[in-house]
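Structures follow.
One chain, chain A, links the two complexes that follow: it is found with chain B in the first and with chain C in the second.
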Partner chain A sequence: MAIDYLIATFIESLKGVPTTLFITFFALIAALPLGLLLAIARLKKIPVLSQLARLYTLIIRGTPLILLILLFYSFVPSFLNAFFKAHDIAIDIFKVNPLFYACTVFLLVAIAAVAEIFRSALLAVDGGQFEAGKVANLSTFHIYARIILPQALVSSLPNLCNLAITLVKGTSLVFVMTVKDITAIAKIQASYGYNYAESYLVIFAIYILVCTAIQVVFKKLADYVALDRRMPLKQMEKQHNEKVTIEKGVLYAEHS
Partner chain B sequence: MIPFHLERVWSVLPDILSKFPKTLEIVVLTAFLGAILGAMLAKWHLQTGSVKYKIAQYYISAMRCTPPIVLIFLVFYAFPKLIETIFLVDINGWPKSIFVISALVLLFSANIAVTFEAAYLAVPKGQTEAGLVSGLSETRTFFRIILPQALVIALPNIANNLLTLLKEGSLAYMIGYVDIMGQAQNIISRNLGNFGLETYVAVTLVYWGVALVIEGGSLQLEKILSRHQGQRLEGQT
Partner chain C sequence: MLNIRNLHKQFGSHEVLRGIDLTVNQGDVVVILGPSGSGKTTLLRSINFLEPADSGTIELDGETFEIAKATKQDIQGIRKHTGFVFQNYNLFANKTAEQNITEGLIYGLGLSKNVAKTIAQDVLEKVGLREFAHHYPSQLSGGQQQRVGIARAIAAEPKVLLFDEPTSALDPELVGDILAIMKSLAKAGKTMVVVTHEMGFAKEVASEVVFMDGGVIVEQGRPEEIFEFPKEERTQQFLARILGDFVRA
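Moving on, here comes the complex of A and B:
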């Protein structure tokens, strides 16, 4: 294995990181409001929308990502082409950047996941919070915007971090759409001299670095938003438990 | 409108289904081997502070960050090279399923280890103590008392992991393994790139079928396994 090749590929593949991160965070951020709508539709049991949301989640969750990408990429461009032709719109669909399709597919995936995450997060907010808001004479909209949602967002952060990592891993498949992300660049590099093993070793490291960075960012974000009373309380409880552990031995502390 | 021939979906379905055992082979073998490795990892990860704990932790977080396609390619290209350098044996000709399964086992074991560990920790400590107090050995306590309870808790997550595994397995076609996805690609190339949409829809239908079976099966199993638990809880209150 040539060290030179590894370093050269590493630097070359790093150029794919912005593409990967762009797709991931575009999908994640754009999915937040849409996912929230679906989550609320399911929680409020809005007649048709609720069933549609459930079906949508099922379909997205039951289909392998590669199939979603292939289905989307073989269907949407030709569909749009036919549509534009029929309506005399002068857009050449085959010149559109494939990044556009990649973003759309990952948005579809992210919406389904975000809806599930928000649904559980909204369920996790204590019902008393809503009642307290009502007692304080806030409107329903205000209760949601000011009291329920901020709490739900904080508690859904770990799951959103998981989703971001899943999306980063998913973007390794966009090379079938001819988008030049990390994996695509490494594959191209490898194909010059059949250095596939070295190339994949390099991007293996890059993906670990990228995902670790995302985890660190989310951890910082979680620390930042959790500056309400809950954090110190939790720490106090932990310290109390540790004290009991030392005094009484492990067995009793478990049940205290 | 673009042409879509629904009858085409039905006509390719038997051809795709003929490769279904290959998909099943990957899922079943990976699940079995991955569960063994995952149980070991979970055991290591429970020994807080030891070297084994560190190894398990780094392994799990590394695998969590690796895209399945990268790992499959890495195992497929790098593993034979490694073996050839060390043991001077050429394993490039080995069946592709071996490479796919070993890559997926690496991924699946990390995921399932987290599930196992969480389920083990969810069983109250008092259960172990009660078992030990009534004179059961440690192994017996684990297999007769902890495991049945932990299994019920872990079931939804195990089903979820199996679904993920099934979906990750669809990437095996990229190294030339012919499962239902690979067969679909073959059919498309046999039609000179035509009827792509119809063929992919047919594959999707197969995957949905399997997903429904896994999901339904886990729900049924959960019902069966938790029937004693429900009775006991009712008796207590």
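Moving on, here comes the complex of A and C:
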């Protein structure tokens, strides 16, 4: 029965969700400090590092993801193998979990994207605040760490959300590295009875669910860090009004 | 109190300051007037090294600094003794009004958190914003933001307060608030250097008016001298234009 197959495949493919999310969030989170470094290198025009960062972003952004994966998966294991052999390191390259390669490729991609996101977010923070910090004798590091960066992080959340979704969708390609993600599992299921159309329908739904969940999480995060949350305006107005009423009350009481 | 000698500054091939000499005594309110591009903001910003001048000397409270040779410590020392109020307020957007003030006191000057908090409450009270200590800049009007800006500048009790067109970014009906606070600071005996286009403020509060044009001080004197009997033609033209606008408006 088709419906049984759909349900069975759905449940089976769900087992790929952790892998998909692991690759995505490992890449995203590990890319934050490295991307920040590249962003600062470019903004501060640090010699060499700045040019390297630019070249790196250019290469990564100008390459299809599938090509990066194929290149990486073709070359890196052979290089590593030769390297290990040359240095008598007892690691069998063919037993390395392919998840390791997947995470590395997605990390490389995420670094370039995060660098660009942070660069524009840092540029968007008004430079006058930097001067105000300098005037107050705050150190450059302090101004960045406590004033500029927190604002840049908040304003880059929507773009980081987009990146997370892009990465999730990109992970559907890791089956070529024999990583068992959502797509890989569905394809394996389909191959038993040639139910490809049904399998694709199932993961169509799963990807939408996963991406929606990510958007919800980022929305919550954005609400959480929003400044207004810390003291909603309405609440402040209410407090203020109450205070005025009390003061007036006292005033009237004194006069009557 | 503040002694500026032979200040020069170039942006590329453009000379912005061409040998400025300016003396500000304790308790003076010096208002700097001049058309845009005259170098008045650059002069103000060079005093606390936001825009370091190329050459000249600055003497602040008995200590003389050769600008070209000023060390990081010198600059920090000067900044410690000067408060700066920006045209665009430049409040830290992710800090509350109170934190905007305490941040510099704690991490710039090394005061304890409790002391800094007490000072912050005190200066916010002075600018009439005690109720707004926990508001973020985005929750304040432009006038309120500038009042926080002033509170932040006076918190460390600097020897000299520098104002860079503090009311130019404000709605006209909010300008009065800021000028009133500045007046009360002047009355309290604060030494102030103010770049502004507010002629009323200059006339009423300034102890000295400086007119700049083309990177030099064209003329300076008591406000009644400058406004009633300007000697230089450039000053006359400038005042005619500004005050003419004022009458028309």
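Here, the second predicted complex is superposed on the first by the 226 of 256 C-alpha atoms of A that agree within 3 Å, B and C clash if a C-alpha of one lies under 4 Å from a C-alpha of the other, contacts with A are read in each partner's own complex, and residues count from 1 in each chain.
Quick note on the criterion: contacts are C-beta pairs under 8 Å (C-beta built on N, C-alpha and C of every residue); 3 or more make two chains touch, one makes a residue touch a chain.
Quick caveat, the model's predicted, so the values are computed rather than measured.
Touched residues of chain A were counted for both chain B and chain C, and B has more of them. Of the two partner chains placed around the shared chain by superposition, chain C is the only one that A:129 touches, whereas chain B remains out of contact.
When both complexes are overlaid on chain A, the residue A:138 reaches chain C alone and has no touch with chain B. When both complexes are overlaid on chain A, the residue A:220 reaches neither chain B nor chain C. By the touch criterion stated above, A:151 is placed in contact with chain C alone, chain B being left untouched.
For the contact definition in use here, the chain B contact set and the chain C contact set of chain A share no residue.
On the side of chain A, the complex with chain C involves touching residues 125-126, 128-129, 131-139, 142, 146-147, 150-151, 154, 227-228, 230-231, 233, 236, 240, 243. Contact residues on chain A toward chain B in their complex (touch as defined above): 59, 61-67, 70-71, 74-75, 78-79, 81-82, 165, 168-173, 183, 196-197, 200-201, 203-204, 207-208, 210-212, 251, 254-255. Listed in rising order, the residues of chain C touching chain A in the complex are 48, 50, 76, 79-80, 82-84, 86, 88-95, 103-104, 107-109, 131, 134-136, 138-139, 152. Against chain A, the residues of chain B that register as touching in their complex are 1-2, 61-62, 64-71, 73-74, 77-78, 81, 125-126, 129, 163, 166-168, 170-171, 181, 196-197, 200-201, 203-204, 207-208, 211-212.
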